[in-house]
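Down below are the structures I want you to see.
The two complexes that follow have chain A in common; it is paired with chain B in the first and with chain C in the second.
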Partner chain A sequence: MMDKAAVVRIAREEWRFWLRSRTAVAAAAVVFILVITSLVSTAIRIETEREARLQLQAIAEETFRSQPARHPHRMIHYGHYVFRAPAPLATADPGVDPYTGTVMFLEGHKQNSATFSPRYTQADAGPYAFLSPALTYQLLVPLLLIVVGFACLARERETRTDQLVFTMAVNPGSFWLGKSLALAALAFATLVPLGFVAGNAWLQGENGWIALTFWLGYAVYLLCWVFLITACSVWSKRASTSLLALLACWMVLNVLLPRIASSAADAWAPLAGKVQSDLEIARELRDVGDGHNANDPSFAKLRAQLLAQYDVSSVEELPINFRGVVAEAAEEELTETLNRFADRRFDQELAQAELANAFSLLSPYLALKSFSITTASTNIGQHHLFLRSAEALRFSFVQSLNKVHAEVLTYADDVNRSVDQQSEQRTRVDAHHWRVLEDFDWEPASVSDRLSGSLPFFGMLLMWALAASILGWIGTSRGAWSQDG
Partner chain B sequence: MNSSPPKPVLTAESLTVDRGGHQVLSGVEFSIAQGEIFALLGGNGAGKSTTLLTFLGFVTPTSGVARVNGQSVHEDIKAIHKQVAYLPEAANLYPHLNARENLDYFLSLAKADNSRARIDSALDMVGLAASARDRRLEAYSKGMRQKVGIALAILRDAPILLLDEPTSGLDPVAIDEFNSLVVALAGEGTTVLMVTHDVYGACQVARHIGLLQKGQMVGDFRASAGNPISADEVHRKFTESHL
Partner chain C sequence: MGNLALEVRYALRERVVIASLVLAFAMASYAVITGKLEVDEQRSEISTLVRETESDQDHVLGQQPDAGGAAYYVHHVTYQPPSALAFAALGSRGELPWQHRVRMLALEGQIYETDAGNPALSRLGRLDFAFLTSVLLPLILILLLYDLDGRERRDGRYELLSATSASKGSPFFVKAGARTLLLFAASATPFAVMAAFVSAPLGPSLVVAAVVALHLCFWLVICRLVAVRFTQASSSATVLLAGWLLFSMAVPAAARIVVESSVPVPAGGELLLAQREAVNDAWDLPKADTMEPFVASHPEWRDHAEVTQPFEWKWYYAFQQMGDEFVASESAQLRAGITRRDNLMGVAALLSPPLATERWLTRLAATDRAHHQRYIQCVRGFHAALREFHYPMLFGASEYSPEKMAGLPKYQPCDE
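After this line comes the complex of A and B, so read on.
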């Protein structure tokens, strides 16, 4: 039977021990400062970026739409920028954002890669820029819990104070639970700042369940470490053995396995290099006709179809501008090819991520990492969603301008536009056509997708917490404290 | 009128303990009646502390049984601990707490009265200076820590006292006070099992002494009516057994 009063009293006494221990207080102070610093600095940076990107997005749209009358194809090459505004929870976990690029230049006949806004590259390049709040919680807070809690039970065993405690009719299970409660309270204290960040994300439009789930995931992760630490402490005859075992666990679970997971994923699902991909794309695009050349033999069939459809004998007689139609058809074919390569690339990246995710079973750190970026909308899948949204916008505005090209300009004016200035003027279409550009509505994955995507990882974290608690419980119930062993 | 012998409170029945391939106790037998002070004497490594730890359930006997009020210790360890107050050899208390805090903590775990007045009264009884009571135990001498341990054992109000080298580190005055206290408690019905290597101290307080040598009982001494156990006799036997 569990004695609740004894459990709470044991936890309180452990806190008193820590508060009177300079090592524990110093370790806690350092980690709290790191947590607060990383949270504040990341929040400021992400907020600044969000505002700037939203502002730049509006400026880019306005700039495009306010261009003077031009030839529509010039507008296709004039292009447009889209910016990926960080998700509200990116303040806690920027995920893959710092590595994947957040700005894209959209133009005709090309699918450009996402790049970084040069304005923020310098800020991201600081020596501790990697220290996001997520990383602090994933790597450093467990270290704090180890430093503070490794001896919580082994110390008592070493000094035999545990025997005196048990002769007070306290059962070993209550003793272990009291120590676990003390460590869990410390873990939860470190989670208070993260709670504020999750709350702030909710105020900024993040779904409340997502914000809560995000925080809960970190709570369960730290609970895994709490139970792992008390289990290790209960099984160790000496505090020094417990510390060494826990540091080894931390190294394996948080450093070695992630490294192995990443290398294994890279080896088992290799990605094609950029040069190789570009060469393959170029090879395939050679078969796609040149959309700038209406006489390209690739469009002979299209020409014949149109002449038959409109029952005319030459393109000059067509009621639409054949050059615009060719541009539209070429863009469609080219986009289809580019999308095929993009899909292949996305599939490869997802396969790689899934392989790495499989290692989450072996490491709570990996499980939390995957859980965190999935919930926060900062994983590779979200980046793909951004790229697809950007591509959809690119294709839409390019094809809309090609349509203007085909329907507003006459073929005769178009082919003679370089004859004199007046001819050139006639090929300029009114600026109101630039309003074909739609707003870039980049939306993260739906709440249900994010919750269902993060659920397996949450389950793995629960499994780890349960396994570690069972390990500790077995240690107490089989009398790990008795003098027999 | 038939007077049946008093029911034994603590009984060791052929207690044998092996640890790490080495026999620490071998067929140890004794029984202690209510209100009796039993001193288990022996040199270093004789198995005295192991006997005590077996009665506390911290050591599982290889064979034989340790019983408290007829119940095997390993049947319901928590029930046994409710009846027993234990004073470890090194008075293993928390060095980061002061005397009052230590006592308050342990008493609250034992669900015993942990009022400050009661704690102070016990500390008065063991002679711990009032000025020392709010100092952390890390600054205490061994004797001072021992006094706090004794105070805890008293405060438990347990019917059985298990004492491991209780006078270790105490000054002569404190030893006399402690001995008087143990005798008084036994007079009130408390059963005492005390392990020590202090022959003369044991003979002062105990009415029954067992001599342990390499895990075996090699001597059993009882005080007769009005006559204490002869320290010289015990000392002679103790020395002979070590030859």
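After this line comes the complex of A and C, so read on.
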């Protein structure tokens, strides 16, 4: 039988014990300071970067649209820049943001890579130099819970005070539950600052359900640790054994497994580099034809088609500029190839990420990490979304300019512009055409995608919490107490 | 020495010690094997790149009627091959580009292109030997040593042990030393085997082993200092963990913030935008606006710099180069800033032995920021050589012929 009053009483007494312990108070203070520091410093860093990138984006758009009269193909090579602004919840979990490029050059005939990842200009400060709020909750708060709670039951057994409690009609089950409750209360106390971050993201335009789910995921994760700790404490005869087991658990689950997962994913499913893909693309494109050269034999069919359509005998007589038509057709065919290789790269990256995610079953830490970036929309899928939106923008403005090239310029001027100054002047089209450039706004993945994507990881976290609580519950009847006789 | 051997034998009778040693050995083996696989992968990728680039160049060159086209359409590949010790510390190779495909256009528009690994994996980091030794081994050592005195106290043997010990110092120091030695052996053996297997140079390999040993010694001393001061096992564990957090996370994180705010670097995006304007403005300006400053900084082409047509290749390449020169100072500031940040971080690493260990290992493996900067310099040197090769033909000082293209510079990695 569970005695609710007894459970609460036990929890309250445990808190009293902790507040008298200098180590517990000091550990809690240190972790709280680290959490707050990481919250503030990450928020400042991400917000500064967001502003800088949005500002540069506006400048880039303004610059493109205010270019003087030019040959439209010049504008295709002049190109455009897009900047990746971090998602609102990136202030809580930056995810892949530090490792992905922030600026990308869009031009005709080419898909460039996103350059200048935040890492590019950073000094090597070791593996844990970025204490994001997410990382402090994932890595450090469990450590605090361990240090404070490892002895919660084992200590009572060592000093035999447990027998005293049992004489007061409290059974081991309530005793264990009370201690778990005390530790859970501490865990929830640490979650208060994260609540502010989630709330702030909500105020900044993040979906309310997302913000709430994000916070809940961390709550369940910490609950996993609460139950792991009390379970260990139940099963261990000595407090020192409990501490050793918990620290070993923490090291394996939180420090070792994530890295094993990523090394394994890389070794199992290697990734083709971008330079290598570019070379493969170049090899494949040898057959597509060069869009700069309207005499390229690859366009013979197109030429015959157009001549028949307009019922004329030479390209000079066409009412449209054949060079522009060729540029448009070539760009379309080329983009198809480029997109195929880009998709291959996305698939490979996703496959690797999924292989690494499979390890989430073995580690609640990994499950939470995947949950966190999926919900916050700072995962690799979000980066792919950025790359796809950028590509869509590239294709749209390049083809709009090619259309201008085909419809506004005359073929004769276009052919002679390199040798004749007047033709060169006439091939410069009015600057109002540069308004074809659309604003670059790319949205985070949809709320339902983010929620459904994070659901499996949330399920894993619940399973871990459940399994650990069952382990602890069984321990109350079969663990060290039963051996005491 | 006899004492130590005895303590080693005692230690090997303990289950916790055996388990820790097995774990350390397994992790080290995993780290060096996956590291080796990754390095092999990178080497084979490089040889594919070189082969494919040659075939691409042959194909493209066959179609070029003039010097300008040959310079425009031919792409080159540049790369930084992994060093012999790279398997032990993959360092920045997953995050920063170590291969580029460049051509004769403005280099500033190409050099920042990033062909790096999967960000989803970079986020998790890799379990390489450097991570193992800088972060995990101290943790394992703490788990092995925090309870050394406490347990004897609890079992009531502490006074007896201290009184009957034959050695002058604390008997626990020898005990702890034996465990440290065992841990070192368990983790360094896989490294040594792999280093021998890939015939890594002996000197640097020995330095790697020495760095690992020094780092473990640091933690041995810390563990003893704490154990002597705190008699309760749980307090000493807490304090040691706090120390681990302090040295592995807090100091590097704080130092990074200080270093980055005290050494600003130009924003990459702004540099790119400025560079593009400089290059593209030339199309709308009189040719003299490009050619005059060009011959001013490259007087050797003064007699060949006259441009009469609306489009001439030499003018085209001249404004590409002027675009590079326009942002040269920002670009140099960026490089200087990165180098300065990294150097300062090296100083800060004196306060954090784990960070110092990691930085030493990546430096020995040539996978640190400094080596990346050197690679970037190497690409710049190669690009300059390309200009030197093409300019005589572009400016008409010598005739273009397909045969001459046989002398096209081939990228060679710079000597480390």
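By definition in this document, the second predicted complex is superposed on the first by the 463 of 485 C-alpha atoms of A that agree within 3 Å, B and C clash if a C-alpha of one lies under 4 Å from a C-alpha of the other, contacts with A are read in each partner's own complex, and residues count from 1 in each chain.
Criterion: a residue touches a chain if its C-beta (ideal position, glycine included) is under 8 Å from a C-beta of that chain, and two chains touch if they have at least 3 such contacts.
This one's a predicted model, so the numbers in the text were calculated from it and none came from an experiment.
Student: Consider chain A as the common anchor and indicate whether chain B and chain C clash or fit when overlaid.
Tutor: Chain B and chain C fit side by side in the superposed model.
Student: Which holds for A:A304: it touches chain B only (first), chain C only (second), both, or neither?
Tutor: Neither partner.
Student: With the two structures laid over each other on chain A, which partner does A:A29 touch: chain B (first), chain C (second), both, or neither?
Tutor: In the superposed model, A:A29 contacts neither chain B nor chain C.
Student: Between chain B (first) and chain C (second), which, if any, makes contact with A:I380: first, second, both or neither?
Tutor: second
Student: Applying the document's definition of touch, where does A:L203 land relative to chain B and chain C: first, second, both, or neither?
Tutor: A:L203: touches no partner chain.
Student: Compare chain B and chain C by how many residues of chain A each one touches, and report the one with more.
Tutor: C
Student: Please indicate which partner A:F150 is in contact with in the superposed arrangement: first for chain B, second for chain C, both, or neither.
Tutor: After superposing on A, A:F150 lies in contact with chain C but is clear of chain B.
Student: Which of the two partners, first being chain B and second being chain C, lies in contact with A:I470: first, second, both, or neither?
Tutor: neither
Student: Output check: A:I44 vs chain B and chain C. Expected answer is one of first, second, both, neither. What do you get?
Tutor: Neither partner.
Student: Minimum Cα separation, chain B versus chain C, post-superposition (Å)?
Tutor: 15
Student: Chain A residues touched by both chain B and chain C?
Tutor: none
Student: Using the touch definition from the top, list the residues of chain A that touch chain B in their complex.
Tutor: Those in contact with chain B are residues 5-6, 9-10, 13, 16-17, 20-21, 159-161, 163-171, 481-484.
Student: Taking the complex as given, what residues does chain C use to touch chain A?
Tutor: Interface residues on chain C, with respect to chain A: 16, 27, 30-31, 34, 37-38, 41, 45, 48-49, 52-53, 55-56, 59, 75, 77, 91-92, 95-96, 99-101, 109, 112-128, 131, 134-136, 139-140, 142-143, 147, 150-151, 233-235, 237-238, 241-242, 245, 248-250, 252-253, 255-257, 259-260, 265, 267-270, 272-273, 276-277, 280, 283-284, 309-311, 334, 337-338, 341-342, 344-345, 348, 352, 354-355, 358-359, 362, 368-369.
Student: For the complex, give me every residue of chain B touching chain A.
Tutor: 19, 50, 53, 56-60, 77-78, 81-82, 84-86, 88, 90, 92-94, 96-97, 101, 105-111, 152
Student: Hey, which residues of chain A end up touching chain C in the complex?
Tutor: Contact set of chain A toward chain C: 23, 27, 30, 34, 41, 52-53, 56, 59-60, 63, 68, 70, 74, 77-79, 81, 83, 95-96, 98-103, 105, 112-117, 119-131, 140, 143, 147, 150-151, 239-240, 243-244, 247-248, 251, 255-256, 258-267, 270-271, 273-276, 278-280, 282-283, 286, 348-349, 352-353, 356, 369, 373, 379-380, 383, 417-421, 424.
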